[in-house]
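Per-chain numbering from 1; labels A, B, C, D, E, F and G assigned in written order.
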Amino acid sequence: MADEETRDNPTSTFLGKILGKQVVVRLNSGVDYKGVLNCIDGYMNCAVEETEEYVNGQLKNKYGDVFIRGNNVLYISAAKDNQVG
Amino acid sequence: MADEETRDNPTSTFLGKILGKQVVVRLNSGVDYKGVLNCIDGYMNCAVEETEEYVNGQLKNKYGDVFIRGNNVLYISAAKDNQVG
Amino acid sequence: MADEETRDNPTSTFLGKILGKQVVVRLNSGVDYKGVLNCIDGYMNCAVEETEEYVNGQLKNKYGDVFIRGNNVLYISAAKDNQVG
Amino acid sequence: MADEETRDNPTSTFLGKILGKQVVVRLNSGVDYKGVLNCIDGYMNCAVEETEEYVNGQLKNKYGDVFIRGNNVLYISAAKDNQVG
Amino acid sequence: MADEETRDNPTSTFLGKILGKQVVVRLNSGVDYKGVLNCIDGYMNCAVEETEEYVNGQLKNKYGDVFIRGNNVLYISAAKDNQVG
Amino acid sequence: MADEETRDNPTSTFLGKILGKQVVVRLNSGVDYKGVLNCIDGYMNCAVEETEEYVNGQLKNKYGDVFIRGNNVLYISAAKDNQVG
Amino acid sequence: MADEETRDNPTSTFLGKILGKQVVVRLNSGVDYKGVLNCIDGYMNCAVEETEEYVNGQLKNKYGDVFIRGNNVLYISAAKDNQVG
């Protein structure tokens, strides 16, 4: 995404609201990564801390920091307490 | 999309009409996300509020804000009251 | 597509001829969207009005405005009266 | 493709030779579109006039103008009289 | 590929050695196109003359000029007399 | 990723923390490469040293330096001692 | 990859170490090409000399120079004497 597009555009503003918050990163494969959104860039590459990996709603793995490549991401949503899968 | 392409081009004008409105975002997978279109950028990355997820016309999930990566989007249409699936 | 490529290049001239006309937008999936081509950009993202969705030649859905992401498009053709599927 | 790449580069020169001529546009899917090449750009988006659609060598459809998205194109060849499929 | 990358970079130098020579263009699908490499650009879009199409080593078709879209290309190799499939 | 995006942006800062450290590079295919992250660029092309290849948690291969193309990467995580698969 | 990214960036430095050396180029398909790395660019398009093609560890073909399109490459590793498949 062109820089101007990334910095002052509404989607960045929207994403700014969920930085540092608990999020669920849903991948195209259906796998969910739940954790604290540390940072995100214009391609939706995102770094998540204290990450939990859920497959079909089941906790599969715990990682520290995970850096996810944006092209695999389906959506990112602000996590409700019980929301995965 | 080049910046000039994004700001003053007809597609942006068209999309501007549905900002803040109820929309259905149909993904390539056939899943529908119905909610209020908060913002959208040149790659059709879009943020949807009060989002409902429909699979084959069945309500599956409710989210607050969902940020959907544009490359997964098939189309975005202004939602009629009963239109999903 | 680079801006110069989009504005004054022959393909834009060609597409200009079908703006505001009845078109059929054939997707890679084989689904057809028939309606009035409102606008199109360099990535063939296109907005279609009074849209009818045909699957295997059968009318499946009617939408108002539909904004289709270009990467899903196989071709766009000027619609003959009976031409879908 | 960067503009300089598109205008004065050998591939454009090559393509220039088949503009206005009968061509066969073979898609990745194996479908052939035979017609007069009206225009083509750096992404091989191409507009074909008086188009015939062949599937496994069988004539399936006739269109007027068809605008094909480049990423679906496998190759474009100058059409010999009987050459499809 | 950025222009500077295309013109004075080693890969262009390498490709320059096989221009005008007999080459085999192997596609991702496994199909081979054998002929004289007329030109090639930074995306490996390439024009081949006096082209023979081989599927599993069997000659299937003969074309005059064929313009192949780069994204379908697996590799291009200098053709040895008997080398296809 | 535009240069400005790569150098002074939070994701680069995040990635900087794991340079020279033991990481697990998970590919879209599910294969894991565990080793020392030597370098990484804006497309997540990454060079890993003293690399071990794991398939379904089983050690399959040992390499010296491996240069992995970014588009195949699902995520990169700081490796815990026993973490693969 | 932007030029600045290609020339003076660590990944180029890393790749520079294996230029002129025996390498194994593993494709997404699992096929290995073993030979001398002649040159490589920012998209990992690479030219390999005295190339041997291995499928499941079995030598299938020998080529002179092969120019491989980067998007098909999974990784490139410095070849140990016996290492393929």
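The working rule: contacts are C-beta pairs under 8 Å (C-beta built on N, C-alpha and C of every residue); 3 or more make two chains touch, one makes a residue touch a chain.
Here the structure is a predicted model, which is why all the values come from computation and not from measurement.
The minimum number of touch steps linking chain C to chain F comes to 3.
Counted as hops between touching chains, the shortest connection from chain B to chain G is 3.
Taking each chain's centre as the average of its CA atoms, chain A and chain C sit 33 Å apart.
Centres computed as Cα averages put chain F at a distance of 18 Å from chain G.
Shared interface positions of chain B, i.e. residues touching 2 or more other chains, are given as 2, 71. All chains form one closed ring of contacts, and listing them from chain A in the direction of chain F gives A, F, G, E, D, C, B.
Against chain D, in their complex, chain E makes its touches with residues 2-3, 6, 27, 33, 38-43, 45-47, 51, 61, 63-69, 71-72.
Per the touch definition, chain G reaches chain F in the complex via residues 1-2, 4-5, 9-11, 13-15, 17-18, 28, 44, 70-71, 73-78, 80, 83.
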